[in-house]
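Order of writing sets the labels: A, B, C and D. Residues in every chain begin at 1.
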Amino acid sequence: MLKPNLAVDIGGIVMQNPVTTASGTFGFGREYSEYVSINELGALVVKGTTLYPRQGNAVPRIAETPAGVLNSIGLQNPGVDYLIEHYVPFFKSLQVPVIVNISGETVEEYAAVAEKLDKAGGVAGIEVNISCPNVKKGGMAFGSDPAMAAEVTKAVKSSTTIPVIIKLSPNVTDITKVAEAVAAAGADALSLINTLLGMAIDITTRRPVLGNVMGGLSGPAVKPVALRAVWQVYKAVELPIIGMGGISTAEDALEFILAGAAAVAVGTANFVNPRATIEVKQGIERYLIENGIKNINDLIGAAHGN
Amino acid sequence: MLKPNLAVDIGGIVMQNPVTTASGTFGFGREYSEYVSINELGALVVKGTTLYPRQGNAVPRIAETPAGVLNSIGLQNPGVDYLIEHYVPFFKSLQVPVIVNISGETVEEYAAVAEKLDKAGGVAGIEVNISCPNVKKGGMAFGSDPAMAAEVTKAVKSSTTIPVIIKLSPNVTDITKVAEAVAAAGADALSLINTLLGMAIDITTRRPVLGNVMGGLSGPAVKPVALRAVWQVYKAVELPIIGMGGISTAEDALEFILAGAAAVAVGTANFVNPRATIEVKQGIERYLIENGIKNINDLIGAAHGN
Amino acid sequence: MLLNGKLITHKNIAGDYYLMEFKSHELAEAAGPGQFVHVKCGSTNDPLLRRPISIHKADKDKGIIALLYRVAGKGTRLLSLMEPGDLLDVMGPLGNGFQLPKPSEKVAVVAGGIGVAPLFFLVQLLVNAGNDVQMYIGARTSQDLLAVKDIKKLGVDVKLATDDGSAGYHGLVTDLLPEKLQKVDRIYTCGPFPMMKSVAYLANKYNVPAQVSLEEKMGCGVGACLACSCKIKINGESVYKRVCTEGPVFNAGEVDWEC
Amino acid sequence: MLLNGKLITHKNIAGDYYLMEFKSHELAEAAGPGQFVHVKCGSTNDPLLRRPISIHKADKDKGIIALLYRVAGKGTRLLSLMEPGDLLDVMGPLGNGFQLPKPSEKVAVVAGGIGVAPLFFLVQLLVNAGNDVQMYIGARTSQDLLAVKDIKKLGVDVKLATDDGSAGYHGLVTDLLPEKLQKVDRIYTCGPFPMMKSVAYLANKYNVPAQVSLEEKMGCGVGACLACSCKIKINGESVYKRVCTEGPVFNAGEVDWEC
């Protein structure tokens, strides 16, 4: 059989295959260059960037849980200006689209970061994190309220012509409401899910394990929740979805695609298997071949029936 | 050292120790009698009961996920009248309080079940499930909205003099809002958490794994989310909390107690280790002795500091 | 009961099939044919749940239980890595097993694939009780025909069938039945659902009482969680029964084969 | 690199301590002292993350890497169950190791408990380079004094200290240092944070450059996740650096010991 078509279109970002990286788990790409040739990926999504540099939260910032990981990094990053100066040249040297994940404490900050990225060039997409559970101001607060989520979306959209992907939080009563609001506000695509708010306690010290008390849960443990969110949002809105949350294998990724994701991001699994992205891509391709499916797009949402 | 005091008071229900069973995972108690002497538990919480018998959902009703379980039983139960006739006599023969978990499709149904249990006697507490993700009507819908949750609470409270425990859903934007609403409506205690809404897809059939499409996620995978919910609710309201969600060991239970739970329920872990409840109890006692803590009540919420 | 049984032997008998023997006098004493044990595969939270595996043999004298299983996924794969001397964490015996016939009855036993696992134990008891037993075993290929030698050793006549014709009759094992069923008093069967459904259909047609062993995904294994429901017709009405406690063995005539 | 190294030997050397050797020419070739490998313990999702373990020995000729570790929790417990012939899934070598001194320099190496793990590799290179090395090893009890024989075999003079006095000096290993430090040109240390802090204090007091190997909980191990941050003072300002890539070895004077 001929090689199947793996290319997907995420709100105008053309990916040669549906596999990308989850923001914050793959640094700026180069960290994994010994293990993964970035140009084989569908796209590269890089660490969350803010207008000003951020130091991040107190340590410990990570704790393992059954089949999961809690993190409270707190958006440590060198700021958008540094990113533009030091990383964008590298992004420009890549043959695959680079998506920059952005965060802000105010709507204006989101817009300002987007505008700077727009001017810098070399950025194929902006993923707007309105779902970070690890920052005091902004973050998840924006993503929990459909109206505020829409406001951020509008502000970012009007600051850039780069495709805008809104990243949703699972820590809400009804994720479809937020999805509908940001779709109406002009989002080009959606990413879901960000981490689930969680915590761990050390029974020896009798204090929270993480320096920041609460953290975000990711990894295989959250996969059923993430998959459900993709399933619900696929039904509710027409936008392309980047599905993520616990994807470690091609089988996991295929579940997300069948639920309605047009692309998938590998996050925590990179820590376990630095070749996870590539193996997921290869496994998807194998599945298509074995099942005689010529085009990955025919599989998106297929579990919903006709 | 003398044996520490393990007794706790959950809204008027006196438990000789803080360990009970999570509704729906321990049947009506007798199913596990070969493995656990119920009279050694703090209390027995039995399967969800409704006004009329329910057949439950289509199979498969269970699917394993990494460190977790998805279930979509759908409240299969013989109805409250059958419960009163066939199980309440057994409850009366026990030396520990029995808490009946109830559900309804309408506020009136909840009230009607509570009233019948009140008259029947032999029931020490009513746990009101406003958080079941597996039923079309009622269930989680009541638990997602503070006002509706309060309404159910009031209706049940006015139908019985038995202590009323409201069981909260983690599938909400802010669990403290629901907790505050039901506290104001007269709840005597809170149970948290019920399962997280999740799903799984079979990539061979390309259909959802569960007969009912979505299901509730439980087990070790959800522990960080459950613990965070207990932590937040403990800060927000004064009511005693029964903590649950992924508790398998005494260490897990102690995390919940330190986060603010006055009692703990063992659920999915019973399937893995039928002696889990007893081992959790023994482990808590050992911890108290080793740490020179005379009274379990001194440990409740201790991770919050002073 | 809940116990740790020490592994005595463990071998890969063919393809993905393994035969495991572990020590437990209590379990061997208590076990009946058609019952199962609920096994913890691995020591961590992944995989989390126990796996139901039928009791293949129970040697009361030696206090040994044998399990015959196929590596189907991550649980059984971990199980297959266990070595003699390791301890197996099992609950059991669980479930309602087969009802034994009168010693005078002629019996047909029909197995499909790994479905032979619980039937060996049954056949052994039938032979000991003096029943006239005719065994039918079907599988995809000759490689998937299991326990044939062991059953022949009991002196039982075994008819084989394979989907690919690599051994015995080329076709479905149920094709072999019609001519024989008029002559038997009772049928026992375990195998894939469609096979058992055919057997149930034939049993009904020839008016022979039959018992089938059903499978369903399980949680607790003790009747507490209601995960393992199957539809059983009682007075024409279809109700859910628990495979783990009211089954896994049911009368073929009561099973709702359309579910 | 990412590879599966075949276990050659694996033994419980004392209490909870294990010594493991596995084959990998590439890794042995690339490894430097103070670097670590990131090890997958078990094959399932629980435990999920890799565990960082220092490279204890690297035999470039034989292509063998040795790890010395303590069973601390569920990851290392699973690791301890591996047997010769099994494949170890490792990433490495990772991190910035120790900077070697000039061959003429006199060196003090201070280990606390399992902190001796990366220091053996260092000491071996120092001896080969002709440095004058004085080794100090402290631990809770004599049972926790590790690798002493191996280090003595290199011809290095080793001073011991135990908290309970069961071997060597009765007290903190750092008590042994002051009188010696005036005479050394460089210090290397790895052990519990308070011990390294004392060493850093003394090094500063006697104005001897010192390198310390820090520990922090890790995610990726390659600098991508920012989980393993530690506070490093640069021009008086404290900034977060990644233990996995900018460390684990840092200059003692740059570490923010108050964090």
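Note that a contact is a pair of C-beta atoms (placed from the backbone, for glycine too) under 8 Å apart; a residue touches a chain by one contact, two chains touch by 3 or more.
These numbers were taken from a predicted model, which means no experiment stands behind them.
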For chain B and chain C, chains touching each: A, D
Fewest touching-chain hops separating chain C from chain D: 1
Pair joined by the larger number of C-beta contacts - A-C, A-D: A-D
Longest centre-to-centre distance from chain B, chain (CA-based): D
Interchain centroid distance [CA atoms averaged], chain A/chain B, Å: 34
Chain centre separation in whole Å, for chain D relative to chain B (CA means): 47
Separation of chain A from chain D, taking each centre as the mean of its C-alpha atoms, in whole Å: 36
Of all residues in chain B, the ones touching two or more other chains: 66-68, 219-221
Touching two or more other chains - residues of chain C: 45-47
Graph class of chain-chain contacts, one of line, ring, star, complete, other: complete
Touching residues (chain side chain B, partner chain D) in the complex: 66-67, 220
Residue ranges of chain C touching chain A (in the complex, touch as defined): 45-46
Interface residues, chain C side, partner chain B - complex: 1-2, 40, 45-50, 91, 216-230, 239-240, 245, 259
Chain C contact footprint on chain B (complex, rising order): 24-27, 31-32, 34-35, 47, 55-56, 59-64, 66-69, 71, 73, 76, 219-221, 248, 268, 270-275
Parts of chain D lying in touch with chain C, wherever the complex brings them together: 42, 44-47, 74, 78
